[in-house]
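Both of the next two complexes hold chain A, though its partner changes from chain B to chain C.
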Partner chain A sequence: MKLIKLAAFALLALAAWPARLPVRAEARPPLAVVVGSELKLSEISLATLRTIFRGDPTTAPDGKRFLPLNAPLKSFERELFDRKVLGLAPDEVAQFWITRRIRDEGLPPRTLPSSELGLRVVASYPGAITYVSTKIVKGGVRVLKVDGKLPTDAGYLLSAP
Partner chain B sequence: MNTPDNQPALVSPHERARITSSLRMSIALLAMVALIVAGLTGLILYLVSSVFDSLTPAITQDLEWKARRGAVELSRTAELGILIHDPDVVREAASDYLRSPEVLNVVALSADGQLVFGYGQASEQVIAAMSQTANEVHRVGDRLVAWAPAMIEGAEVGRVAVAMSTSRLRAGDALRAQLSLAAFAGGGVAMLLALGFVALYIWPVLRLTQQAFVRLEHTTEQALEAARLKAQFLANMSHEIRTPMNAVVGLSKLMLGMTLSDKLRRYAEMIDASSRALLSIINDILDFSKLEAGKYKIVPTPCEAATLVQDVAELLSGKADEKRIDLVYRIAPNVPREVEVDGDRVRQVLTNLVGNAIKFTERGEVYISVEAQPLDEQRTTLKVRVQDTGPGIAEELRARIFEAFSQGDGTLVRKHGGTGLGLAISREMVRLMGGTLGVESELGKGSVFWFELPVRVLDATSAVRGQATSLGKRALLCCENVHARGALTEHFAAWGMEVVHAASLAEVESALQGPAIDVVIVAESQSGEAGREALATLRKLPSRPPVILLAQTRAKPSQHDVTAQLAQPVRMSALYETMAGVLEPGRVRPANNQLRSQARSYRGQRVLVVDDNQMNQFVAAEQLALFGCDIDQAFDGQQAVEAILRGDYALVFMDCQMPVMDGYTATRIVREREQGKHTVIVALTAHALEGERDRVISAGMDDYLTKPLRPQALQKALERWLEGTVVGDAPEPERADDGLGDSSSALLQLFLEQVPMQLEQLDAAVALSEREEARALAHKLKGSLLTVGADAQAALAQAIQHAVEQNENEQAEAKLTQLVQGVIELEKRVRGELAQRARKEAHG
Partner chain C sequence: MNKRTLCLLAWLWCAPLFAQDAQEAKPEIPEQTELPPDPASGPTVEALSDTELEALGLDAAGPRVDTSLHFWGFADFNSSQTFRPKGAVAVAQGRHQSFYVGNLNLYFSKNLSESFRTMAEVRLTYLPNGNFTVTPDGYLQTDTSAFDYANGQVVTRWGGIIMQRIYLEWTLHRFLSVRGGQYLSPFGVWNVDHGTPVIIPAQRPLALISNLYPERQTGLEFFGRWNVNNEQTLGYHLTLSNGNGPISEYKDLDRNKAVGGRLYWEYFGKTYVRSGVSGIYGRDTVSTPAATISTSTIDLKDEINAQADSLALAADLLVKRGGLHLQTEWMSLQKRYTTEGRKVHAVLGGPVAQAASADVFSWAGYVLGGYRTSWYGLMPFATFQAGNLSLANASLPDARLGLAGFTTGLNVSPIDSVVFKIEYAYIRVFRGPSIVKYTLNALLFQAAWSF
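Moving on, here comes the complex of A and B:
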């Protein structure tokens, strides 16, 4: 009886193992920087992107003020974007914004409760800009080239490591 | 008078007053309870109100703050939802608020006023409020509403409102109302309980207490009535018993003064002795009853301690003399001269103790000593001891002798008589005066009865008066009695004398061989013969110093040739005066009257003596006769006026207080009617008061003499008015003795006739409460007593006069009893004196 139980446990463990492997092995899709499709903009430089998300007022080519929207805190997208664009680790980002607020140099971009909401806001508010996983990109938004490269391009800046 | 079984049928005014008082007390109690309950309720209400008054604004503020904060916060977190018109996003952002029970509404409007998100009922009222000023709290129905604009990049994308419920405030209000109600209800219940308590418990207790009081009052009234009746009965009986007894005593005395056959005399003497014994018993029982009833009052008055003891010693010296017992007293030098004490009571106690001591002592002596132990500057304790050489008292009997109706030994009761109340009365009297009375005794050796009294000192100088006149003189004191010797020696020392003692004949002879003796004092002892032998020896001496005999027997003049004689117990002042007279001849008279031989003659001078008292008349006439005056008599003022206006008197001696017309009035009339002449009128007054002289002078009299009339004073008056020689008011020398020895036999006979009769009249007047008559009789009796030098008895007569004037009947009766005793003693001595003189005359 004891032996049967042991064997059953071992079988269950073996059954569970292959199911988790693909998740771990699956590569993260790159991040897509998106704006409203009405905005006449297809490309943005890393520097501009950095300027926008560091809270410095920046105007789009059609005169609209960019409204940067950050992915939820501690999300993969947020961490990847901060590291790649701002060049800062999460703690450093927090410290950066504390310093700026103390000096009254501006507020951080709004943080979205979800990336999906970001897509909807971007689609409905001209000037809104955010970053989402390329996986969830839908219609109504335009994916911008960053430094001349689309997410699908090799050497794309916001690709997952 | 009501008995417990016979309560009054109607409610008496007194009982009604009690019931009213009880009702008042109940109402007061109720009012007090109501007041307390109302007070407590008010206090609770006040506290509740205070708490809620301070809580309500705080809660309101909190709700307002929450509404404002909620609106502002949601405007920053839900703006994207508003922007994209997504109610779910807004709901997500407002999820925390939606879970709060206090948040009634959350409303989000787009910039164009369209509803993006609405939560809660009656949102339209909230939406209406959102058109008003932002960030302010608006009260909308049962909620507080605040809204804030949702801004993106400086542009309003919509509005968010939060409505907070005011239910907390309402709950507070409800709680306040509930608490207030509870307080009122509690107060009401407490009031009802209190009322119930009063009605069920207090009221019956009050009723019972009140009934008990009424019963107690009835009982007390009955007891008081009974006590009053008893006291009244005693007072009546006192009168009823004493009056016939005084008559029996007085009449037997009168009878004894008559010529009787031997048999009748014996009967009369038995009646006299028995009635006095019975009177003494009655007095004891009445005193005891008074003490028991708490009717005895202690009245402290200024008294000379020495005089108190001297009075008692003199009063009882006759008894001691009869039993051949020495009666000696000693006043210690530390005894203050004057103290505040009830002298009559002290005298009574001391008389009882000394009387007992004499009664139970068959041979030896009774020694009274007084010492003082100072308590402070103003108070001292007088320690009085009465020591006898009687049979003593066995230890087992000592405690019982102070019990009422008890004597140490039943055989003694039978032998000595008495009630056995004397010591019980004495002890109670001493206790009333704040002192203690006790006894020390040894069977076969005698007893010491003592009492100690705390007294106030009025004159702290010593009762043993220091005198300087005899300074340096040597005295030979021949005295066998140790105590008498000690007491005399103390006084001689105080007078600055050197004393040589001789207790036997041999010692006397030896002392006379030594340095010169200025004076010899021989104090006789009842038990020893040394004094008499010494006198016999002294008489044989060719040249001898003056001798003063302190004789044991008053009435018996010494058969030896002595310079002066005084009776024991001797008054020290009298001894001093006598001694001074002996040592400095001419200073004052010695005991043997030298005046008569020196008297000038006023033969042929007519003198009128006006006095209603026969004894005073007699004394004045007797003395004036010595000066050769022709004497006329008048017995009242009216007779005097007639006599003066009719006759031609060189001098008138006028008594002031007389029946028919007093001396003042008589003198005024004489002065009015005299024509061109002035009859010299000298007042005779018993008032030794300041101002009396002014009174007599203002009445028109020329001079005054105090009664009893003294030869020296009379001589001075005669010198002054009959010869025109003015003699200064020299101080009256103190009397050396009680005067019996100086009084003529005729005067003493007159005394025996007059005084008992006057006493009897006074007793009847006091008994019948004839105040004016009693006063006059007491005054008259005082005059009579003073003529024979009975100062102590005269003082009692004066006290009776005073008591009668003050309408103090009991006091008058008490003094009268003492006076009867005193007069009885005096009579005995007068008779003795007369008998002695008769024997002397018979022997040639």
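Moving on, here comes the complex of A and C:
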């Protein structure tokens, strides 16, 4: 009898044991599109962002060109930005730029080794524009509204999925 | 079940909760996003010095564009095997399996300032060695053998350089840029893509090799684009050029400049769509100068060999969604000969020995579909094409061809810059002079790479 009770207990314990606790993936903060604080710009549209980061010549408010700066390849920031702004999955990016090079439609923006460096370049170089995680945004740069929304707003374009 | 057993069971069930590594436990609610910091308070970004910026290739006082010289290109290696080739197919495609390097295109570009840039693309080729023409006297082949003075007079075969494009580009505004020089005609998808690493099949479709629309032009090109909204863009190209004459790269043989243009629309949604219409109108003249030299003057007169007003029209559609790729192009050419330019010429293989050039309407089109899988970028594809063409050949100036065909194959991209293609092509000429009325059956292999 004891043996039966023990077996029943073991079965119940096994059935009750949760296979794996639900663990949510870490929620990533959204990306902020940043420019130097001297640039008289507070808002940008998705279409203009796309134009700038596709390498098409785009004039900044100070009358000179924007200098787009990309986050490192394969970084979370780069993949999210390419997907949301250029509409490219990670495996499509290289072919996209090879096609544009062969068509002579533009070279990819300069890629910096880290987002932190991108932020420092934006703070130091007028017309530079990049995107970084809102976690690392500091003073000295301006976070732009994208299509009228800040990173804190609901429905912001560059929110992580 | 007694209380002790129930407690033990409850403990066992809850144990994993307590045993969970604190670092593994993730918040159920997404992290509250911090507000962008107020630049006036809190830590500020450490600015880079001019020296640090220079080390990154940035000069705060200089132009905001990369002014270094860029050099890149693409090349392809091919194998072609025709099955039971006969007649014109055997002449054009060869009768035996052949290996060849098809394209070696080199690009150079440089931003001269924020507004000016230059770009050149040249193709190195083995041509004209082996180039052939079919004449009433037979099959004539060009031989470029020469003694190489630098290498002990060994016999070598020289090749050529095809200037694909070279221009100076001036960007006045996003809505207006101007190119002066030689440029690829802005029409369709394929003509501007043109690089074998980015073209899905191994061979160009008939519509692109039939010279219905000039591949390149020399002159001026105006272009720009406008963002209608976040999802849609409109763009245009206007061209003014020498047109499509035999030496249009550097000389217009008549007073009429060719005028052309393209309007296109792009949609950036989950599905990417680009669609456009293009056209070019001009006078095509083939003439040779005839000089009368006297003691004090030289009088030049153009002897016109052929002259026609031509209107080429094209339409294209490109759709991409995920791995799905669909593209289609259609183009036509209407030629109306001038009184002076309608000449009597010999007809090879025709019902009469001689005939006058007839006004023509030619058209061709293709539909290409493929699906890029995530497994090594493998893409099965198929193309269907058809056309009704006037054969642009000196010995068969008015021959009409009705043809249709299909290709099917695989396109594999093991790494981003390398593409392998294997393709079976079947093209049947079902209407035309008996001399060209043959079927092409071919197996093609291509390795294309960009660098």
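The definition used in the following text is that the second predicted complex is superposed on the first by the 136 of 161 C-alpha atoms of A that agree within 3 Å, B and C clash if a C-alpha of one lies under 4 Å from a C-alpha of the other, contacts with A are read in each partner's own complex, and residues count from 1 in each chain.
Here is the rule we use: a contact is a pair of C-beta atoms (placed from the backbone, for glycine too) under 8 Å apart; a residue touches a chain by one contact, two chains touch by 3 or more.
On a predicted model such as this, the values are computed, not experimentally measured, just so you know.
Overlap between chain B and chain C is detected when the two structures are superposed via chain A. Judged by the touch definition given at the top, the superposed model places A:61 against neither chain B nor chain C. In the superposition on chain A, A:102 makes contact with chain C only, not with chain B.
Of the two partner chains placed around the shared chain by superposition, chain C is the only one that A:147 touches, whereas chain B remains out of contact. In the superposed model, A:110 makes contact with both chain B and chain C.
In the superposition on chain A, A:47 makes contact with chain C only, while chain B stays out of contact range. Considering which of chain B and chain C touches more of chain A, the answer is C. In the superposed pair of complexes, A:121 makes contact with chain B and with chain C alike. With both structures placed on the common chain, the touch criterion links A:155 to neither chain B nor chain C. Overlaying the two complexes on chain A leaves one chain B stretch of 9-17, 63-71, 81-89 or 441-449 clashing with chain C, which is 81-89.
When both complexes are aligned on chain A by C-alpha atoms, chain A residues 65, 67, 110, 112, 120-121, 124-125, 127 touch chain B in the first and chain C in the second. Of all the residues in chain A, the ones that touch chain C in their complex are 9, 12-13, 16-18, 21, 23-27, 29-30, 32, 37, 45-48, 50-51, 56-59, 64-67, 87, 91, 94-95, 98-99, 101-104, 107, 110, 112, 119-127, 134-135, 137-143, 147, 150-152. Put simply, chain B touches chain A in their complex at residues 80, 83-84, 86, 89, 92-93, 152-153.
Against chain B, in their complex, chain A makes its touches with residues 65, 67, 69, 110, 112-113, 117, 120-121, 124-125, 127. The touching residues of chain C, counted against chain A in their complex, run 5, 8-9, 12-13, 16-17, 20, 24-31, 33-49, 52-53, 56-58, 60, 63-66, 70, 72, 74, 107, 109, 114, 119, 121, 165, 171, 173-174, 177, 192-195, 197-198, 225, 227, 229-230, 233, 268, 272, 374, 377, 413, 416-417, 450.
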